[in-house]
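Could you have a look at this structure, given as structure tokens, before my questions?
Each chain carries a letter (A, B, C and D) given by its place in the written order, and its residues are counted from 1.
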């Protein structure tokens, strides 16, 4: 059986891990198969969890989150017959598949929408843990915003510097309120469970928010502008489907492959005008065609549109 | 009130407390619509069913022996050290600094050095609450709780801002050099006949056993131990006997902190081989339950540590293979502490009629 | 033993009647089938040795403890007293041996506590202030209603306790050893108040050890021994000698046979010794005396006048200022060598006043207690690191035999020995060290007559072996019979020194009350 | 830091200080009666779970709050049983109950909702909705006082005002009523209360139940005010910070208000590292801010800033007969 390990936020974080859960469930519904799953409770458990799953014969073992990288590097060689897949991190082992996303492209798209929807010309970004990966989101977002409104002000806040930052809705809400006070009227939350607080506060305060990873539009219908979809669900689904024959190596899930996107559904249909839609679809096409190159923060740890 | 015979006090009371905790846990499991029997079976198989399972149980038990002994030593000086968690955390820092500061050629050299680092850092973290208790009368329970939180904050800061290697995203130190790798049970000749798969239990287990014995010697065979016990029973009397409260408080807490710190040899050096956030996983707190359950005697601590190793590993297995959340083990742990530490009088009262009846029969 | 009942007038029921009261604490039978009748408007005394069960009996009457069996009648009516509320409702007030006041409350708040007039405090306090004023004038019980209790002297705290009872309209007032902490002058004032109360028709029960007080104020008196009521007699028809005999159950042997002292060289010289306690109160205010080899110096005084601190500072438990020389060499009073270990190393042994709190660890075994304080003794060590428990065990068995400790089981926990045997273990430990100076406080407190004789004999033997002994006791008899010289302490000072054969209890009593030259007419 | 930023931070402070204040006052009643309680954390957690669950099931925040109070009182009674009736070690009982709460809340939430130990998100009437104080809109334009009134004070959930009100009420109860006098007395010298004919046991149980109620409110506010539902370990040490505040406040109600607002202010500041950098000109590590309440408490405990003397009978079971 395949197995999946969720990171600290837990599988019901309505965001990153939940997307992975949805992928696994979709596989289950379609194939009728069973899978093992595990939620991390603490940093120190990662190794035991990996080993126990590998021991139990699970194959492949999929894990969500960069934090497994180091441990996987250590564990993978001990189980050469087991295939592993890790999302958001590159682990160079013969039996590991690394799946990464071009979050900067998806973030660019929602940045375009944010700039179009903002009346104040100030937009916000709330990140989770302050790591290059999250800066990559922020940087792509900023590029999208600036593409529409070069004078826009972008307020960036990170929730914290530890994994606890993925799961701190109180702090998310307080940061969102602070950003609103500074003039932001659209806030993009790339912060896992913390984002729930951001979306809630934005809805309470009557401003717009942008969800992340899963489609979060439904959380506050008419108040969430859109969501940056990161198809972790697809990644997990594909990995489960490939089963033991999963191909090791690096897979980049980009916009062209449908790895990232923005969400449009009945919950936000009223918020996205035709003009906005046209703009974002144009940007999308240009990115896919390569006409627009969205800078990847992690390539050189710099951002043309933002200073951290 | 009839007094219980000593053996009842030492054996029966903890067992009945455990039984009560078990019964209530079973009720909780029933209440959430699961089968206690199934839960127990999963735990037993997962924690005791194979050498591999034992490898985990013993790994956790090793940690709990250290933290249990830490609580025990302080307890005999009538100091309730709730700070094991923080002291073990700091011990981990000591281990990490030692392991990373030098390209260790062989574990036999790295281990003693790391032990010194762990003990020193753990003791240092206990020293301030100890001093505040001895000199300023600040209640050690409150100060050690505060120091747990301060330790957590300190480690986060250090991991994120100082110790994290460039380019790494998760807050952890670099990996320790190969030479600092402690042999795991599956890597030790002879022992590896039993443990044929890689298990986290490592040579620290033997150090923990030695520590149990040494603590027993300390408490019941040395002058310092005598002074610690005397001071713990009666401070005025200790003063009369010329035992310095300051000295005993400091020494007991330093030893306690050092023991808690030494735990990090097991988890930081022996298992994860780098310092992580929350590396202790609550072992400092479990030490309280272990000490209470073990009646503050090193041998009791040894047994209780095995029990809690079983609970911890078994609980992890529950989380892994059943839909019973892993938090069940926190509940059991809390109930054991409650019954052995706070409701022991109730347990005794339950036993008294039985012994009174026996006495009457005998008479 | 002849039992005589008070002949009561037939028309008035007794204010208090107890029938068949029994009470056990674990294995200790504190009260055994006790019956007693007290007529209204009288002062009834209860005497008995330590631990005889007096406080227990009164606490039962006050509802603080519950009797295992027995009945209580108040003014002829059977009354169920389950808690203190019931007792208060029945008109009973009690002043406990250990006061039951809230130290950081004001006098007024303490008085009102539990007797408030409604859910709000202000009206209650205002009323209490008025009533207090009346009571104070009526009974000479002045206290400042706004003073914080912990700032008051013991005598004043006691007044607060009495006022508390009166405020609750007590017609029956129980006082448990009220004079133990008072100077004779304060005690006299108290007795005036009691007589005054009696004239107002109140019934009073007075517990005390002191025969003099019984003879002075009571109308009737009951004697308790070992949990039993041995007799009740009219005070006018008895004598101190008879009461003493009733108390201990046989003729009292007051004097230990001892040879005259033959003092040698000076062992201990104390000069201008001062001690300040943790609260900053000066407890010893410049004390000087000497003890020579082969001599027992007895320190007499009302408890709380600095005797405890004197023992503590000499024994290394407290720090002090001044000069103390042992065999001509200065003792460290403040520095590193001012602790108990250093004192023992210098040849000072110490039998503390409060044996259960200071002298031993009740949870330790007898043998562990034999090493207590001497755990550094080379004879008790196996090597540099380890203690030699077997050696201590062997030593303990010898000591138990020589001091007739019963049962002679060294592995028994100290708390399982009776008080007298606990004291013997401590004495064995300290005396067999053959110290140059023995400090001994209240050596026979709570110890039965047989053991008292034994203990006294050992102390005298030590003196005869040429050692110096400093004896502190609140029992004047003990001081008189053991000491070669007597010093009387009052308020942290030595009021005077006397030779036992040239003084009497009256003179010592005056000195204890702080009357400078021991002559009543001096001030 | 400009004024509007300050208003912002004070606004956050109000929200973040509220659970601390309620828990701190909760601890005050218990400890004033002589029962030490380091189980505030667990009671809050239990209350948060019960509130989250019942509010989610019924859609009513008020029913949720009642459930929260119920759950908290249950734990308070167990603590009372251990420390009053069975004369157990109060510290150990508190530690134990925190563990039980930490685990059992997740177990129950998981069993009820199967969402990883959370309760479903609350919205609408299942949460404490903001209350506009009278004239908030009209007064908003008055300089300084206006924003302080209409942005900081106004616009919070009901429990914020309940917490603020609880301070004078507690002071009044403690120092102006018969119950308060007895409560203070039983924490200082239970024998004095006992001999005065008042039941020590009943007084202490009453105090412990009040503690349960206030912790219940604190937990309810966490789950349905500050957040939108219960999450694992969501109290995040607030019970211990409240305990720290109680010591900091030296067991006095008005001081408790100040201490909890100070600690709430630190928490609010920790959310705004940018403001700290802007004001101080250098970075203060967020962990340092997180640790500040604990460090301050240790300093107070050390007696360097006025000695904190707990109620004298605190922590000791009342035993008449040995």
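For the reader, a short list of remarks on this structure follows.
The criterion applied here is as follows: a residue touches a chain if its C-beta (ideal position, glycine included) is under 8 Å from a C-beta of that chain, and two chains touch if they have at least 3 such contacts.
In this text the structure is predicted, and so the values were computed from the model without any measurement.
Should one ask which of C-D and B-C has more C-beta pairs in contact, the pair is C-D.
Centre-to-centre, using mean CA coordinates, chain B is 46 Å away from chain C. Inter-chain spacing, taken between the CA centroids of chain B and chain D, is 30 Å.
Look at where the CA atoms of chain A average out and do the same for chain B: the two points lie 39 Å apart. Residues of chain C in contact with two or more other chains: 26. With touch defined as above, residues shared between interfaces to two or more other chains in chain D number as follows: 117, 232. Residue positions 39, 161 of chain A each touch two or more of the other chains. According to the touch criterion at the top of this document, the contacting chain pairs are A-B, A-D, B-C, B-D, C-D. Residue ranges on chain A touching chain D, taken from their complex, read 10-12, 39, 157, 160-161, 167, 169-171, 173-175, 177-178, 181, 193, 196-197, 200, 204, 219-220. Interface residues of chain D facing chain B in the complex, by the touch rule stated above, are 38, 78, 81-83, 86-93, 95-104, 106-108, 110-111, 117, 232, 237, 240, 243-244, 247, 285, 287-288, 290-291, 294-295, 297-298, 301-303, 310. Contact residues on chain D toward chain C in their complex (touch as defined above): 175-182, 184-185, 188-189, 191-199, 312, 320-322.
Those residues of chain A whose C-beta lies close enough to touch chain B in the complex are 36, 38-39, 41-45, 47-49, 51-53, 55, 66-67, 69-70, 74, 78, 131-133, 161-163. Interface residues of chain D facing chain A in the complex, by the touch rule stated above, are 4-5, 7-8, 11-12, 15-16, 115-118, 121, 123, 130, 226-228, 231-232, 268, 271-272, 274, 286.
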